[in-house]
Amino acid sequence: MDMIKNSVVILLLLGGLFFFLVGTIGLYRLPDVFTRLHATTKSDTLGAGLIILSVMIYMGFDIIVLKLFLVLMFIWITNPTAAHIISKAVYHNDVINKEESNDV
Amino acid sequence: MKKNIWMGILLFGFWMLLTFTLDVFSFFIGLIVVCFVLWFNRDLLLNESETDLYSYKGFVQLVKFFIVLLKEIVVANIQVAKIVLDPKMPIQPSFFKYPIKLRKPLNQVIYANGITLTPGTLTIDVQDDYFIIHALTDSAKNGLFNSDLENAANQLEDYHE
Amino acid sequence: MNNIMLVSSIFLGLLSFVSLYRAIVGPTLADRVVAINMISTKVSIIIVLVSVFLEEKNYVDVALIYAMVSFITTVSVAKYLERGKLF
């Protein structure tokens, strides 16, 4: 039983680390701000979710699980919101000024 | 006034969770802080038209939406991982307008955040009846129309009719 | 198990150094904001992992507050970026 729990924890942890790695590589490789935001928001959100889920399973029944759930919910709500704010700022500053003739 | 009491109970529960001691001192400190926060943020609290999601049926729809969203998030991450790790980087970035049926601001916010988390799309701006969306690939752009997530989001506002 | 947590937090630390490259080099201000946002998500996860392997449960509160402060930072910088002033 203990071994099954530990292997699930390790599997989730490795999955989270993999998605963080993907996000970082995306931040490094992709060409402009909007595409970088694609990589960072999605991968960071799922990576954080998987790692916190693995920690929650590792701790078992404890009050700390509720606090971890709060951290997770906070990251999941704020990460897309932050991406939205940054992209809106960039869009209104750059794209509207440069591409006035574009159809958007 | 009623909504403020519910918000106060929520904030007080949060305080009890963070301190996690049950003595008189922390209890009264929490009570004073909650009252102060409620008074200080009285303009920011949700108003009557935004409290629909607190009802039972709205909550069920919200949970359904989140289940669809969780599935989409996993799909999204696998797609992004494929694109990022591909040495040729097959992306066709584009902007487009996406018409929405949702009218209530809170539902629009929930759906906009949902779109940001789903495969290859990123919400940039919210206008009256459309979102401006940045798509990473063409297939992501076409996949947004008539998706499961769209149906689940429209359910958010249909339930009271 | 604790060793695995330690190794994964070190790995996350290395990844945040890679993100720091984008924060320093990044051609525009927005790139830097994106990179800093990503680093702060990683740091709050590192704090959670540290609290597990040091068995200091209070550190989870630190992670929560760190996430809140980083969100405020991102919002204020993005607002400055959009309007050229904060208020």
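Of note:
In this document, chain identifiers A, B and C correspond to the written order of the chains, with residue numbering beginning at 1 in each.
One rule holds in what follows: a residue touches a chain if its C-beta (ideal position, glycine included) is under 8 Å from a C-beta of that chain, and two chains touch if they have at least 3 such contacts.
Only a predicted model underlies this, so the values are computations on that prediction, with no experimental measurement involved.
In this view the innermost chain, defined by its CA centroid being closest to the centroid of all protein CA atoms, is A. The count of contacting C-beta pairs peaks for the chain pair A-C.
Here the spacing of chain B and chain C, counted between their Cα centres, is 22 Å. A straight line joining the Cα centres of chain A and chain C is 11 Å long.
In this assembly, the C-alpha centroid of chain A lies 15 Å from the C-alpha centroid of chain B.
Along chain A, residues 37, 67, 70, 81, 83, 88, 92 each make contact with two or more other chains. In chain B, 18 are the positions where the chain touches two or more neighbouring chains simultaneously. Along chain C, residues 61 each make contact with two or more other chains. By the touch criterion given at the top, residues 6, 9-10, 13, 16-17, 20-21, 23-24, 27-28, 33, 36-37, 40, 44, 47-48, 51-52, 55, 58-59, 62, 64, 67-68, 70-71, 74-75, 78-79, 81-83, 85-86, 88-90, 92-93 of chain A touch chain C in their complex.
Taken in their complex, chain C has these residues touching chain A: 1, 4-5, 8, 11-12, 15, 18-19, 21-22, 28, 30-31, 33-35, 37-38, 41-42, 44-45, 48-49, 52, 57, 60-61, 63-64, 67-68, 71, 74-75, 78-79, 81-82. Chain A contributes residues 18-19, 22, 25-26, 29-32, 34-35, 37-39, 41-43, 45-46, 63, 66-67, 70, 77, 80-81, 83-84, 87-88, 91-92, 95, 102, 104 to its touches with chain B in the complex. Taken together, the chain B residues at the contact with chain A in this complex read 14, 17-18, 20, 73-74, 76-77, 80-81, 84-85, 89, 91, 93, 95-97, 112-113, 116-117, 120, 122-125, 132, 134, 136.
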